[in-house]
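Below is one structure, written out as structure tokens, with a few remarks after it.
In order of appearance the chains are A, B, C and D, and numbering begins at 1 in each one.
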């Protein structure tokens, strides 16, 4: 990312001259006060918004030069945990988690077991058939994480993945992300939990009012 | 991290996306589309029937001619009347006339007895009546025929149903005008309702579209999913609606005592045709609207 | 904690809840309700016009009687004919008949010349024609009148438009049947669409209802808010729709060259009445449905 | 509350034999793992669900004996911060916060200034006219808190009120609740933030699998 700025129609300068690189296979935190632009930075990375100026590369490809289908291809290599979960209300927990598998068209025989195994791992083995509305806040968040990792993404973007769970579960979820990272997935986690930052010692990109104040060691672009 | 999937990947039956299971829109859409096609099919069929009845009356009036020949008093059998003979000769010599037939006395009385009652007295015998048909292919000049007949049988009258025909034509015109206006308004309302309802439903799907997009679904997959979804609902709804419309029309036909078998024979295939056309139109409208709205939503997004 | 409000509380203009500002439903509802009332109003007005035309033709046919009296040959003036005199005497003595008038020769030729041409020869003079009206209040027996007339003027014919009347009656029956069936289907579809659309819209309001409930709003406030909202949209939509329907009908009347002023004078108030009734029906339906659905949602919640 | 149990149609025993009292004017935390039943307990208190058995008193009145209108009256004395915020999407931030004032029908001349003052206090002074969808997660949460306190409730129920904001703002928001508490409002805060529990020393009701494991000192019912 080079000197990226993001303006929303209603609000200018949400991000200003942000330049950073996340090396492939790296693990980064994004920190900053509420409203600093963490979510906006992640939205840039999953091609959810376009930079109003500057150059954005994902997987080494300039996003401005991608066709819509190529963007879809890039997104299919991403996993995203939204801050507000974005579960589909009328689908069961199982169907929500299995959605990326179905979208990718790479249906495999073992999918069913795999989804159940993952749900069990995040502590929702018994909730596979209920609708998201019947889940507690922390349970929804874990469904969102399961959906983000089900497809073995190359880049995982997680926005406050532990904001609604207690510290015990939070650490377990972070370990899941660490394991994915060890298997080669680049991980970016936005958080303002000081406890998390203390416990897991990865470089942090600190945002303040839309500008990078302190970035960890940068390497190759993701 | 749960254990990796076993290395060997067998191709499994492709699980459907199921993104619409149990949605409120899945209940509303078929009902509304069904109501719309029911209304359209039934209305068009009823209008067609009305127009068809007038049209067939007009065709009969158009094709049937009657010649009334005054007969000389005192003859025992009117068929021997020389004026009648000459009139028949003239008619048979004219190209474009068929089914020339002289009515017997009973039929004559039935046909013109009522209207001629006033003019018939002891001195005036019942005139002879010849009925004949006009073939639609050859244009026969009525004026010319009248002139020739007058020469052959003076005092004969050629009745070409002019009054009835002009009345029926006027009625057909009025009926067609009213039907066209109503049909225009009806189709406008039905299409607008279909388009509006589907647009609204697709607007509600925006979050689902976003999640699909962010899961890496290419545009064509998303569009295919949504059009397929609406397509199935529209098939179901419009099919049931059009079917009910036809059924209603058939029911009214079967119950009406004066149902002309020839009319039914002609209208029955038309009924199927109309139902199929309106069904296809509504399904098409629904699918195209969906495609348009979903594409619009996709274009809005990055 | 921000500083407490100043101790003195002035009553301020009550700010509206504004819970519906800019909702998609606020755009969809009036359009759909408008389309529904447009369709209903226009359809009912067109059907009314059709029935009215037949009805007025029937009324004319019903009220008009014609008596045809054969006249003796050789008289210079048919009015001097004794049979005609006797027939007129009989008619004038009968209660329930009005506007008794003997036609002059030109009018007679125009009226019956065509149909009687065949029977009229040198020997048979043009009969005398008396037209008269029937007052709707007194029931005159046609059989009795015929009997009396036959005695007064043998060979006279009393034409009470039986054929035309039966044809028109049949037509009215068919038209009324078709209109009733169409009207039933139309009203069903219009009501169902209205109810479905509003139910769907209110289902989408469930989160708003919940927030209101949790903010301590009593049921009646919530119901009032929602019915008031739909009421305003329905007034707007159905008003515009019914107005457009009326406008369309008026346009068609003004453009049609054969518009009978009497007909227009009778139908114009009916037009306003129909528009008002359908408008009221749709607004009522919309409001009642809203009330029902919101109450249902409230009952579901604790 | 006495021996309260809550069963959802789909799930039995979400809360089992919970008995507790929150004294009027008290301040309580509700803690417990994700899915333990914290949100369910708060929903009971704001009359969002009915206990399947047991007796529930709010403001000293048995909730089973209340008519719907009386319940509305009870709710109008409550302020609730929902875990998922429940802001009305198509209303501006200002209108969302002002909603309880309008519902109560107690419109005052100073309302407008008061709403703006409160928005300013929670750090959203400049966002009064935007829609919630244009806010960051933490900003939405602050709108939810502002809406809950605008009416000076007698009982404030806050579900994870600091889950989406950084520690600085979190402490500021807790101070807001403390000030309300000092003015007489009973406050119940559900949270799993260990940091919050450490920093603010109030009694905690600890839930485990739908049962109370450790309750702070109880006093009079709320």
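Operating definition for what follows: a residue touches a chain if its C-beta (ideal position, glycine included) is under 8 Å from a C-beta of that chain, and two chains touch if they have at least 3 such contacts.
None of these values were measured; they are calculated from a predicted model.
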Separation of subunit C from subunit D, taking each centre as the mean of its C-alpha atoms, in whole Å
60
Quick one: subunit A and subunit D, Cα centre-to-centre, how many Å?
29
Determine the centre-to-centre distance between subunit A and subunit C, using the mean Cα coordinates as centres, and give it in whole Å.
66
For subunit B, which residues are shared contacts with two or more other chains?
none
Sequence positions of subunit A contacting 2 or more other chains
none
Touch graph of the chains shown: is it line, ring, star, complete or other?
ring
Among all the chains shown, which pairs meet the touch rule set out at the top?
A-B, A-D, B-C, C-D
Footprint of subunit C on subunit B - complex, ascending
24, 28, 31-32, 35-36, 38-39, 42-43, 46, 49-50, 53, 68, 70, 112, 114-121, 123-124, 127, 155-157, 163, 174-175, 177-178, 181-182, 185-186, 188-189, 192-193, 196-197, 200, 203-204, 248, 252, 256, 258
Touching residues of subunit C toward subunit D in the complex: what are they?
1-3, 5-6, 9-23, 207-208, 210-219, 221, 298, 302
Can you check the complex and tell me which residues of subunit D touch subunit C?
46-50, 68-69, 71-78, 80, 86, 88, 90-91, 95, 98-105, 107-111, 114, 117-118, 120-121, 151, 176, 179-180, 183
In the complex, subunit D residues that touch subunit A:
8, 10-11, 32-35, 38-39, 83-84, 123, 130, 134, 136-139, 142, 159-160, 163-169, 192, 194-195
